[in-house]
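Just below sit the structures, each encoded as structure tokens.
What follows is chain A paired twice: with chain B in the first complex and chain C in the second.
Right, the complex of A and B next:
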């Protein structure tokens, strides 16, 4: 899908260049043909390019790779993908990832877009906020989740799932979240979603390790090997 | 078209008009970007929490770190697990609803009450405290100091238990100080002390992350310590070689997750432990080098040899004991092999072992299994007794607030120990009473016998939690009882004075949990009405009784400063655990002798400040640094099933209720889950007795009887009934036997023979 979008975008840009050139050549005579040309060159093609570009950004920013392109997210992503020294990280994100419970390439997005119709919009607006914070460097490490993580995001997958419905100990949770004043989070009993803030704080012994981006399996293997040799040395 | 009259410079000059256009465009784009950003900042739903504060859960002995989210109006809005604490953010459903429990302000006790003409009437603090002082002074003057008593709780703050203990033992000179930890932890405490010379476990929760075999016995951790169970399951999921053995007569949720479940008959498991030892001995799983270097053997009176121990085990051949245990010899051998052969084995146990006639023996033997196999003092290898209450370890065991001990492992009966405390407390030498006071059951019996005239009960509910409770309630009625609590309980109903106490974050102090970790609870709320902290009550009482100068420390800070320094005279040394550090750090594990010491994860081994340089292991609680393996003979329980009483009754807890339910039963979520307590039985028993779910039956035991509603569940074992004790309208403790362990004096709640008939 994404490749198609890229080709369409390139085609649109090429088309626009040709149209603008034609318009420039014919700028002296305002015939009907030129008027049509102007309509396409100035309105229709730019508008559709904008639309496609936006759609493209919407789609590509769903990818975990995009989230991890900001270095503050690297620790969280590396932990989830098992690219850190803690090979078997037991954070919720890592366990979901290892077990293949998350849609490929959209791991972050799948839990962080709010459930429901306006979920995507909210996620995008928040993503924009993150981007602005990042480029203007108006953030502090460790970064923290602002507000409350919506438990509905968990229920999106789990509400009709045996792991939720067949555990009778979930009864009080259901009473709570379906009541007037829901206060319980799934994370209360199921633990950390990501490495805890202290490990994501510059200066912590594990900080750099969590941040090392190991991009592929080959690199991961050599990285772990290096770690093994260091261990043997110790 | 280019104007020929203009120079190049003029051509490239931006006109005023175009500058305004470009600037306008830039401002518009910038404005949109910034405006859009501002908008996204504004629409983030911040939730109702204004500030987060680290604290410790109010309920069980796991001692989970929690984050408390307070609103602007100083109301507790959210409870979350503390990701930075030992529990890594995991808490349970009870902790998750602490906010709902605290919100029950209308039901809180807010004014002191005095019993007048048989009914409790509101009174002023002055009136209540004056009357209390008068009664205590009168009893001491007329009947001696041993006619008064303090009955405390593993839920009081450490500062409070320490102050009460000091006031009664050092001030009034009576050792009648005991508390509810006698009902849950005494066997573990005595067990550790006998084996290692010091109470409190050698290992820590961190060992769960390294163990290869979990040996759970008498513990339903799934329901009673859920965050620890979660941690064990995580360990199992990460490493498929990790095995879990669960020994429990019931097929609990914990047992359901086991690799090997051994449903032994109630009261027989000392046979199992000895048979496992026998098997490990025969299969060369003993660590003879460790035994040679670090272990002594004893028959309880005299030192014996390793050979004697081997001879003793010959009596416990699996084939011989299997019929009495009700399991197969093959399973015993399998368990022994799994235990002995794993790289690191961790035992975890709680009330199923402690609340037993042979509770101390069972604790000794569990410790012994680790000593003889060398499964100790290594990551993942340790015997860890889980605690039931939030501050039974730190508050009661460590402060010595039981009738036979004084702070930091000292014994009342030992003159040199008393003399040490007398010196530390600055009281005349040999002034303390040399006679251990009444342990819990003896105390309530002394009330029945009218030997104890006046008692102060704080933060606990013995009129529901005591075994054979109807008998002891008569004693509580006879005695002049002062009860400090937060809600009305079965015990406040029997009180002559009720004092309203502060709850949880309405006061400040230290909680110490299972793994020797001390954590601070900071004050975040004011108590409702006229309620006061138990420390304020004790300090006021001390002053009125004329001990204002003795109880010099009057605020939590002052008491902690005193107590922390007292510890420096012992091997518990936690002088380095200051309030200042506790406010920043997620609890610290003692020994921690200085403020730059990181605390001690594993005791008796490298890293413990008391292990001499160069030694790998050193059990410094014993004079020669060697731990003791006891030869503990199994004796069948008196509560054996007979034709007259053909079923076993065992009592315990359920996941969504805690202790006598005074707090958790006020939370709708928890009540909707647990419902009222019922008598739970296996379908096989139900069909034999022609009983249907919901029917009312009469439960009769040697001590008492009650009516109960039947619930049928395959989680039970045929022949074994289960009842939880949280519900005051279902007083199962009226049926439970008050036989107790002769060493720890802990009652044997877990094994009662009963008969059930249609009501």
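Right, the complex of A and C next:
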């Protein structure tokens, strides 16, 4: 889809350049032709660009790579994806990733469907706030999730899963989570979803390792292996 | 035509941000698209719609 969008973007910009040039050449006379040119150049082509670019915003933010393009997310992404097979992370997200339980390229989105740009109007506003805070660098590490995670997102995959329903202890949990006032979290029994904030705080020994850009996964693995060897020696 | 000239400038600014964003998406271009390009397009389109409205009104079409 990205390739199609690139072609559409190129076509739109070429069309706009031609239309604006024609409008500039004919600027002296306000004929019907010029009015049509103006209609396309100022309203129709820009509206189409807005439509496609906004589609791009909402589609691309479903991809984990897009989440990781803000380096502040690297610690969470590295924890999920980058650890070596021998010394892998045991956080819930990492276990889901390692076992192939998450759809490829949409690892973040599969659990955070109702969050940021993909959620409700309020969630979208929050997404814009995150973008503003990231670009203007008005955030502090470790970043923290402000709201309440909706555990219905977990049930979306697990509720009708036999291995889940066979565990008797899950029945009261489901009743609680689907009730009006849920008080139980899946994390109560299944551990943290992501590395604890202390590990994502500047100054912590693991902070620098967790902050290596996710894109360079091979380098990260070898670096972590070296780091683990050093720790073992100590 | 002066109005259309100003709106054309807004469209050029908007396109100059939106198109690179669609081709090379990153947080900074996304920020510019959301907070600069979109308002530019909105101002240009609303201005053009107002011009069309004035034109039609002056010719007693509406």
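Here, the second predicted complex is superposed on the first by the 195 of 234 C-alpha atoms of A that agree within 3 Å, B and C clash if a C-alpha of one lies under 4 Å from a C-alpha of the other, contacts with A are read in each partner's own complex, and residues count from 1 in each chain.
Heads up, the rule we're going with is that contacts are C-beta pairs under 8 Å (C-beta built on N, C-alpha and C of every residue); 3 or more make two chains touch, one makes a residue touch a chain.
Everything numeric here is computed off the predicted structure, so don't read it as measured data.
Of the two partner chains, chain C is the only one that A:8 touches; chain B does not reach it. After overlaying the two complexes on the shared chain, residue contacts for A:190 are found with chain B alone; chain C is out of touch.
Of the two partner chains placed by superposition, only chain C is touched by A:20; chain B is not. Legend: residue contacts after superposition of the two complexes on their common chain; A:173 is shown touching chain B, with no touch to chain C.
Of the two partner chains placed by the overlay, neither chain B nor chain C lies in contact with A:156.
Of the two partner chains, chain B is the only one that A:126 touches; chain C does not reach it. Look at A:182: by the touch rule set out above, it reaches neither chain B nor chain C. Overlap of the chain B and chain C contact sets on chain A: residues 128, 132. If you check the complex, the residues on chain A that touch chain C are 5-6, 8-10, 12-13, 16, 20, 23-24, 27, 30, 35, 38-39, 41-43, 45-47, 49-50, 52-53, 56-57, 60, 66, 69-70, 128, 131-132, 134-135. Contact residues of chain A toward chain B in the complex are 88, 90, 95, 125-126, 128-129, 132, 146-148, 168-169, 171-173, 175-176, 179, 183-185, 187-192, 196-198.
Residues 33, 36-37, 39-41, 43-47, 49, 77-81, 83-84, 88-93, 95-97, 99-100, 226-227, 230, 234, 237-239, 655-656, 668-670, 672-673 of chain B are the ones that touch chain A when the two sit in their complex. Of all residues in chain C, only 1, 4-5, 7-8, 11-12, 14-15, 18-19, 21-23, 25-28, 30-31, 33-35, 37-38, 41, 44-45, 47-49, 52, 55 touch chain A in the complex they form.
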